[in-house]
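Two complexes are shown next, each including chain A; its partner changes from chain B in the first to chain C in the second.
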Partner chain A sequence: MQRREGIAALVRRLDNEPVIANLGPATFDLYAAGDRDANLYTWGAMGLASSIALGVALAAPDRKVFVTDGDGSLLMNLGSLATIARQAPENLVHIVWDNRMWYETGGQPTHTSTGTDLGGIALAAGIRNVARAATVEAFEEALDQAIREPGPWFIHVDVEETGEPRQRPKVIVEENLVKFRRTFTG
Partner chain B sequence: MTEAKPVAVGVEASVIMAELRSLGIDHVICIPDSYQKTLIAALQDDPSIRFITACTEDEAMGINAGLYMGGKNPMLVIQNNGIFASINTIKAIPLDARIPTFIFVGQFQRDPMVAVEESRSRAVRMVEPTLDTWGVPHWRLEGPDDIGNIRAAYEKAHETMGPVALIVGAPTL
Partner chain C sequence: MPRIWSALHVPDLPATPRTGLLYNPPAMHWSDVVIESLREHEVWHATYVPDAINWQVLSKLEADPAFTVVPASREEEAVGIAAGIYAGGGRAAMFMQSSGFGNTINGLAQLLTAYRIPVPLFIGMRGGLSEFNEVQVPSARPIPAILDTLHIQHYAPQREDEVQKYVDGAIELAYASRMPVAVLWYAQLVGAKRATS
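Entry: the complex of A and B
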């Protein structure tokens, strides 16, 4: 499956729930699926999408909070899995699109290409709800369960890169942050 | 023979806690620091504050950003080496994305009898020049007379929408 198919499936299920996207393809595909105030696109600080999402989830326990991450970025912040497990926010759904490469920098293989199992690491970190999907149907099934049931959830999704050009979001970072914050503070 | 006086003296954790309560701090993200041991213990015991231990300062700044965007009033407690470890994140989140980031920085390995500039520890000497290089405002907490610097630093972080450091120069009491 492709990342954009997974993101489209996620967006179809959203109302006002926040989505925090890792920089690069996860942000490009989320924007392409339809801009919304509750989308937070990240640009610098690669790897920190899951940490930002943890903060949002703790601040807004009454809303499901989604983070769409990548394998390369999560490998830069594996400690976040332990912190998420320790804080255990029931409303956090961490989705990792694993394309086994750092796509934006030229497709260099990440450690998942040689067997590192991010779902296994999440489980070992103490996140009890871990699912893996390689098809849109399997992803939707895992996502629906994560929406229905308390988390935190970690959904590890194997995706394929097609190499097709992506639309870079026409977003001003500060405006995005202000709009995103207003969805909580009014 | 006169006894040498310390350059910096510790501040009671209870006094710092009163300041933090008056600022409405509701979440603290911490990477443990031996110079703020008693403060950390007091923060952990306060039911009005959610205390979050992170694994790295980068992660702590990300969590801080999420809490702020979610409408909360967080702060960080770290040590001097954490500033060096998290420069890319300081650039990307508090500076570039303009997130108020109020950071207590313990001067780990600082001898309170010696001025910061004369410290044998490179970490102690280099914190302020590093913050200056990145345009991060900072204040010192060198004793009870500096307690007002906590509010000054907090207000600066929210006024400038960026990072501000309060440098704790002697172990809290």
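Entry: the complex of A and C
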């Protein structure tokens, strides 16, 4: 499956729930699925998407919080899985699109290309609910369960890169932050 | 003499007889002053990687049900969590030791500064007076210069009776400027760690 198919499936299920997007293709594909105030796009601070999402989940415990992460970024901040497990926010859904490469820098293979299993690491870190998907159907099933049942959830998704050119979203990050925060503060 | 600080920020000390000291003794320990300032400014979350200096604040925050305290595995992660708490409508302070400051730079620059996310940063400074661990020295010494380069304002109270105006002022400045602002705790205020533990 492709990341954008997964993101389309996620966006179809959303009302005002926040989504935090990892830098690079996760941000590009989330924006392409339709900009919304409750999307927070990241453009740097590689690795911190899941940390930001944990913060949002703690500040807004009444909303399901989604983060769409990548394998290269999560490998940079594996400690985040242990921190999430320790806090155990029931409203956090951590989705990792694993394309086994650092796509934005030229497709160099990441450590998941040689067998590192991020789902296994999440489980060993103490994340209660870990699901795996390699098809859109399996992803939708896992996502529906994650929406229905308390988390934290970790959904590890194998994705294929198509190499299609992407349009860089026109987002001003300060404005993005202000709009995103207003979805909580009114 | 002109007053640099407005009357609003002068510590509210109890009336005491003249003691002959250069300043009135503080009403509260510096760590309690920090906690009351966080409460006053509705900063209900704190993220941290522990250090012995900030633990004097954090241990009391953990015991206070009004506050949510989140230990991270690494300082940059603590910056990210604090940013997320603000993005989600809350307010978070971040606590670290000077030795871990270097781990925060990407988060300070690409997240807090780029997105204009206010986070009060409390840094327990090793590497100064009476430091016994030489490795602490080169990581602590450049912190003020690095903060300057990042355009992050920083303040260092030296005496207990200065803590309230510095901490209140730094927190107010952070939210008014929508930028991180750092408070540095030096040995002059908080004492130095002993070589034995």
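Side notes on the structure shown:
Assume the second predicted complex is superposed on the first by the 186 of 186 C-alpha atoms of A that agree within 3 Å, B and C clash if a C-alpha of one lies under 4 Å from a C-alpha of the other, contacts with A are read in each partner's own complex, and residues count from 1 in each chain.
The definition used in the following text is that a residue touches a chain if its C-beta (ideal position, glycine included) is under 8 Å from a C-beta of that chain, and two chains touch if they have at least 3 such contacts.
Treat the numbers as computed from the prediction; the structure is a model and nothing was measured.
Once both complexes are superposed on chain A, the partners chain B and chain C clash. Of the two partner chains placed around the shared chain by superposition, chain B and chain C are both touched by A:L48. Of the two partner chains, neither chain B nor chain C is touched by A:A9.
Overlap of the chain B and chain C interfaces on chain A: residues 20, 40, 43-45, 47-48, 51-60, 77, 79-80, 82-83, 86-87, 173-174, 177, 180-181, 184-185. Of all the residues in chain A, the ones that touch chain C in their complex are 18, 20, 40, 42-48, 51-60, 65, 77, 79-80, 82-83, 86-87, 173-174, 176-177, 180-181, 184-185. Every residue of chain A that touches chain B in the complex is listed here, in rising order: 20, 40, 43-45, 47-60, 77, 79-80, 82-83, 86-87, 173-174, 177, 180-181, 184-185. Interface residues of chain C facing chain A in the complex, by the touch rule stated above, are 45, 47, 68, 70-74, 76-90, 92, 106-107, 109-111, 114-117.
Chain B makes touch with chain A in their complex at residues 27, 50, 52-56, 58-72, 74, 88-89, 91-93, 96-99.
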